[in-house]
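Got some structures for you, see below.
One chain, subunit A, appears in both complexes that follow, with subunit B as partner in the first and subunit C in the second.
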Partner chain A sequence: MPPADALAPERTGGGGSDPVLEVRGVTVHFGGVSALTDVTLSVDRGSVTGLIGPNGAGKTTLFNVISGLQVPNSGVVVFEGRDLARVRPHRRARLGIARTFQRLELFGSLTAEDNVRVGLESSIRWWQWHRLRASFPWARDEAGDGARATGSRVVGLADRLLAGVGLAGHESEQSSAMPTGSARMVELARALAMQPKLVLLDEPGSGLDEHESEALGSLLQRLAADGMAVLLVEHDMELVMRVCDRVHVLDFGHIIASGTPDEVRADPRVQKAYLGASAGSAPAAGGDV
Partner chain B sequence: MSQFLEFTVLGLILGSVYAISATGLVVTYTTSGVFNFAHGAVGMIAAYGYWELVTHHVPAALAMVLIILVGAPLLGVIIEWLLMRRLLGDTGERPIMVTLGLLSILIGMALVVFGENRGDTLNPLVGGTFRILGVGVTSQDLVIAGAAAAIAVALRVLFHSFRLGVALRAVVDDPELLATSGASPVAMSRTGWVLGSVLAALAGVLLAQQQQTSLDTYTLALLVVSGFAAAVFGRLRSVPLTYAGGLVLGLAVIYFGSYAQPHLGSWGPDLSAALPMIFLFGVLIALPSVRLRAVGKLTTLRPPRVASGWESLVAAAAFFLVAVACSLTLSGTVVGGNSSFGVVLDHTMAYGIVGLSLVLLIGYAGQVSLCQFAFMGIGAFLMGKVAGGGSLLGLLLAVVVCAAIGALIALPTVRLRGLYFALATFAFADAAYTGIFPDTRVLGQGLNVGQIVLPGLSFGGNRAVFLLLAGAFVLSALLVLAIRRSLFGRRLVALQDSPAAYATVGLNAAFTKVAVFAIAAGLAGLAGALYGTAAGIVGTSDFDIFTGVIFVLFVVVWGVRTVSGAFLAALSFAVLTHVWTNGVGLFAGAGIVLIGWAPNGIIGMTWLSRLVPHRPGAGRRASTHDAASLVGVVDTREGDIRAAG
Partner chain C sequence: MPPHDLLPDGNRRGRRWAKLASLIVLITLLAVVPPAMNSYDQYLITLTLVYAITTLGLNVLIGWTGQLSLAHAGVFGLGAYLSTILIQHGWGFVPSLLVAGLGSAIVGGLVVFPALRFSGFTLAVASLAFASVIVQLFDNGGSVTGGGGGLAVPVFQFSGLSQTMSTYYVTLISTVLCFVVAHRMRHLRFGRVAFSIRDTEIAAVVSGIRVVRYKVFVFAFAAFLGAIGGALYAQLETFIFPVMFSTNTLVLMLVMLFLGGASSLYGPIFGAIFAVVMVELLQSFGSYQDLLYGLLLMLVIGVLPGGMASLPERLRTSHLLGRAVRGVASRFGRGRQDEATAASPVPPTATGSSLVDDPGDGVESGVA
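The block that comes next holds the complex of A and B.
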């Protein structure tokens, strides 16, 4: 479904445990409430890592810590061996961390296509005159110079990315007027447009029907196969269990279990957390937890 | 030493004047989340009302009670009902615009009813003078100092020790959560506005009684402006800190005027008047940065369509031809008593360029600037002073220097949230208007700018100058539209829609904001230089800060997201200033009330009704997606409650 060459990051040597992101001992307090306590996890290159847990477990807070929107009270975030403590959010994004938001953060007055274009063109700096000039609508594609993205090529790339997330034909819709499920896919396409090494997805499957959610699953697996690291927060257990290589379970700000989907499903603490949260619905049941 | 004590007493009294108005600002902000630019105007109306009662032989004490305990609460209820209710929880630029609109409508009404200056003074509530530490102090001074302290203590106790006070503060933090605890957010907000109006009226009457000059509409309405610094010192939240800020500011102004100003000698500008604003700018710079966070609020506004390159070129050519035709046929027509229509057209073009700078800033980037007229003044100054006046070099320098000053102002302040940024621009505008422009070496009463000479072209006649201005406006409009269509334009809109997402796609919000502010400042500088060229002689009053604020309102009323909105704002503003001066404020104020219903302005209204018969998003997709979006809505609500808890 997705044009893999448009979505894929630089291919790097694969295989084995190769953490692109490490979170070590992260703790966040809001006033007297602690949202995250001593959270440690890692995300491998070329894998899909699931992060699950009941509402209020701290999943979004952890995403904010990783992308730099929330400063942790203690603990470190290491990306490709680099401590991100003093790196501002937009610098983190330039290093290769993209994300989507649970509560949509679209550029609402832009069209779906322009949302993705902002992502595609985000690496252009004002002094890079040749790239700026190439972004003009009347710029012509210079034959043989594949590195240059002309205006029309950027539009083409944006449309291919949108087609990749199942939104072909919706390019010129105003993004804030789109249904939630489609809007989430615009956010996903915008994140992928940055060619990130790590993408953080906050409940991308909510608002999708069974069919679309299946397509999303295969898209994520394909991204991982191309070398991207995916950290996925999702309530759709079926999706998580199907696509994730590893799963971390967060409950009241603590990591209570980590492992393969099967290991996590069998873990008595996980079952207790979920049964305690809503009696009778184990995560294996595939419902919204 | 005795002199120092004397200055200290004077400083504390002046500080109490600042504090009494600043604490009122803090009350409104704490209870409604709105920074009320019209706070002083409410006080001004109260002072006039008091004067009206007293001249009709109502006893002073009874008049005070009637105004402060009956009139002011009524005004508060009306303001809340008419303007503020639909803004509850809005953190964008609309609350700023609405209170500025309230300011201009109250001033406009006072000008129509009472005139600009009443030529009458109010008697102090209590007469007599004292000597404290050898300083002559009137009883009124003591009343004000006592009232300021008493209000500070009473508010502190109310907000922290009473259930009502806590609920009043809670309405700003989370209206929905407050509703779940049984208190009505609307009732709380209304109580807040009533309390704010009472304090504004008390301050207005007391300060009008203290002022031994005759009642003046502008002086009274803008009296509270000096208190802004004290309120921001208290972070708009803390009453005790605000009170302390007021006293510190009062002492600073008196000490500076007594000790430092004399040493500045004849070359130094008279900074005393601008000191409160310099203080405000300093306090703002010391504030912590706004925290970048995901708010999860999508803009539901449908933006106006952006014209394509060819469309804008054709429209520009047509516009220019019409402008030429107007200039040839109408410029001799006399309007508004003594000014010719040609002058109105000149002003339209110059103001139009300022309007375009606001389209860039407010319309695209969502940054409110209240200092575009100050940049105009600087532009006119450079045009008049550089290379003997009227030279091309002056025009270029006006653009470049204003852009540079804009960048310098923006650099330390763009990291602040929108309201504080707007206040910083206001501080700059006020400091320029009161402290720098009046100096005879800058603008003073009048500076001869001289007519422009371009290489090979001389602009001898008025028509030639008009063509130059119209050409500059058309080119600026094309520039603004080209920016909107460019990568930079997409970034500006993206930044306004979601700062959090802007950062997480790897873009530097601070840099973008500084850049757009500098470009807008350069445009305003160009407008000022051209305005000066057309007028020949310009003075400080041409770049009045209050007029500048009203012009911002005009652009917002007509439609700040469109070039045509900027032009219509400039045209109506220029016509009204020549035909019916008092109507300028009334139009802006009445128009702003409308903005609650039509966020895209007048242009947006007609545009919406013509092109979009349905609500955005209605009846668009198949039923599966409707179900899907419903799930999304439920999710968001859960997120709300969780975030609040």
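The block that comes next holds the complex of A and C.
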């Protein structure tokens, strides 16, 4: 159990940090395995925060706890000052927590555009039917021939989001037929469609080539500049070190280091954890800063 | 991007009108031709429509939303029994049809409770058990359900029309209404959400979808359609007994579903036509008919794993046949294309400015 003071709402304005998400004392056991032990971290508004660690460290499990898919054995998740313990996953999504998955979870039978539309439309309530109406197929025709693609607001937004992740022109491709890199970007666009305040990205860079992951990095920095909080799980250390404002390091379910990329890289425990796991993926390996 | 999206807009609009016009012609034919048929053919065509409505319900459940629920034959029976009992108590046919549909939607919707906990095989078994409980109720319902001996159905009749033709017209109207509603649902938000839940429920949840609420609705709607089918079936058969709603009927429904094309909107119609026509054609083969039926089923499923509704798509994508069909199709316009890529005919040039800023810096445009 975490100490009682860890559960108390913490409003220390020190350092001008503005946490949108706070995880306090989260512990998760799977049978005898401790996936997470007393994990505490926070994610600031308008920043990219890295979450790194060797395989099996518990990164995905922590994402599941934050998005509500995994109930922790103890600990709290606080989003914008609100304890999420009793908030179900779809409500968390609507409050502003979006995520992508390490193992792609796309709506494979839908087109790229429709994948994004599901994200866009999920925030529309049935009594707001007039907003929904904008997604009716004929709304496009009414706008006249030239403006067909943008005549419908929802379709237009979906297409702009896809263009934003570099998929302009791929709107009507069936998502299950897309290459991994593009599919990851569709998933990202779907998450962004919900206009989240916090987006959890579980290895968005895997399956991307060098140029693509560079573009992903600058996209994430732009999102943060717009005020979104990004929590990034990533094995591509170069990407992490380049875009993250802060980095938390998980090892066997424990947070072993937190700080700026430089601080974390210099931390002997981190180096030990990574060298212990595999020398090739040490955080210092790809750093060019 | 498939080539059809490059067609000029006028062409696409023309196709939509052509599609609508041919539907109207088809429905008009279905309205005016059957009176001239013999009553057995009238029976067969009504049966086809009844099967189509019923299988549509199963399609929404299994094909669209991916819920492997097998209570449909029971729900079909529930519609038949409820409407018949109501009519016996002096209700008019149309009110009894609607109340049987709504009542079964509530009862059939109960299957959603196992569906919220289980999926796949476990749900299949639980729902099958549910269906057999319903059929047991028919069997042991005493004078209300007539027990194993069944119930005679008071048949509704328009003045000036035969019983069969009266049932036929009500069935035709119901079919059109059910498919229009299903068509709208499929192409609006509901359809996208249903497919999302089928494809990956976890992602649907974290996309903010109230999966539970959608499932409740899907199960109720499927039961409603099944029960409407059942009520019309009772009118058509004029006598109902529990065995008519056994697992054999479920198997027939599943055959119609997968043969017609699960997840396609019009698949149930093709499946129903196949089921009715095949049984009739094979009747002349006497004791071999079941064997032939089985072989034919295997053949069709083997050749068309996506069901009969996937035939045009299959022709388009196969090399040799495809070229011939494409040649013909380009002359007449392709109706069924709308089905696959519905509501997303976006011209490749229409990208608009990036919502997330500078499109020139987009992830993949950076590569090019």
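The rule we apply is simple: the second predicted complex is superposed on the first by the 256 of 289 C-alpha atoms of A that agree within 3 Å, B and C clash if a C-alpha of one lies under 4 Å from a C-alpha of the other, contacts with A are read in each partner's own complex, and residues count from 1 in each chain.
We adopt the following convention: a residue touches a chain if its C-beta (ideal position, glycine included) is under 8 Å from a C-beta of that chain, and two chains touch if they have at least 3 such contacts.
Computed from a predicted structure; not experimentally measured.
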Practice task
After aligning the two structures on subunit A, examine subunit B and subunit C and state clash or fit.
Solution key: clash
Exercise for the section: For A:Ser172, decide between first (touching subunit B), second (touching subunit C), both and neither. Expected result: second
Problem - First, second, both or neither for A:Arg117, with subunit B first and subunit C second - result: both
Practice task
Considering only touches as defined above, state whether A:Ala229 meets subunit B (first), subunit C (second), both or neither.
Solution key: neither
Exercise for the section: Determine, under the contact definition given at the top, whether A:Leu69 touches first (subunit B), second (subunit C), both, or neither. Expected result: both
Exercise for the section: Could you look at A:Asn55 and tell me whether it touches subunit B, subunit C, both or neither (first, second, both, neither)? Expected result: first
Practice task
Answer with first, second, both or neither: which of subunit B and subunit C does A:Leu216 touch in the superposed model?
Solution key: second
Practice task
Return first, second, both or neither, reflecting whether A:Phe101 touches subunit B, subunit C, both chains, or no partner chain.
Solution key: both
Exercise for the section: Classify the contacts of A:Gly164 with the two partner chains as first (subunit B alone), second (subunit C alone), both, or neither. Expected result: second
Practice task
Determine, under the contact definition given at the top, whether A:Val270 touches first (subunit B), second (subunit C), both, or neither.
Solution key: neither
Problem - Superposition clash, subunit B against subunit C - the stretch among 6-14, 168-176, 402-410 or 618-626 that is involved - result: 402-410
Practice task
Could you pull out which residues of subunit A sit against subunit B in one structure and against subunit C in the other?
Solution key: 67, 69, 89-90, 92-94, 98-99, 101, 105-110, 114, 117-119, 121-124, 132, 135-137, 181-182, 187, 190, 194, 208-209
Practice task
State the interface residues of subunit A toward subunit B in the complex, per the touch definition above.
Solution key: 55-56, 64, 67-70, 88-94, 97-99, 101-110, 114-115, 117-119, 121-124, 126, 132, 135-138, 174, 176-184, 187, 190-191, 194, 203, 206-209
Problem - Complex contacts: residues of subunit C adjacent to subunit A - result: 1-2, 5, 9-10, 13, 187-189, 192-193, 195-196, 198-200, 202-211, 263, 341-348, 350-359, 361-367
Practice task
Quick one: which bits of subunit A touch subunit C in the complex? Just the residue numbers, please.
Solution key: 67, 69, 89-90, 92-94, 98-99, 101, 105-111, 113-114, 117-119, 121-124, 132, 135-137, 141, 145, 148-150, 155-157, 159-161, 163-173, 181-182, 185, 187, 190, 192, 194, 208-209, 211-212, 214-216, 218-219, 222-223, 226
Exercise for the section: Could you please specify the touching residues of subunit B with respect to subunit A in the complex? Expected result: 292-296, 298-303, 309, 485-487, 490-491, 493-494, 496-498, 500-509, 515, 616-617, 620-621, 624-629, 631-633, 635-636, 638-639, 642, 645
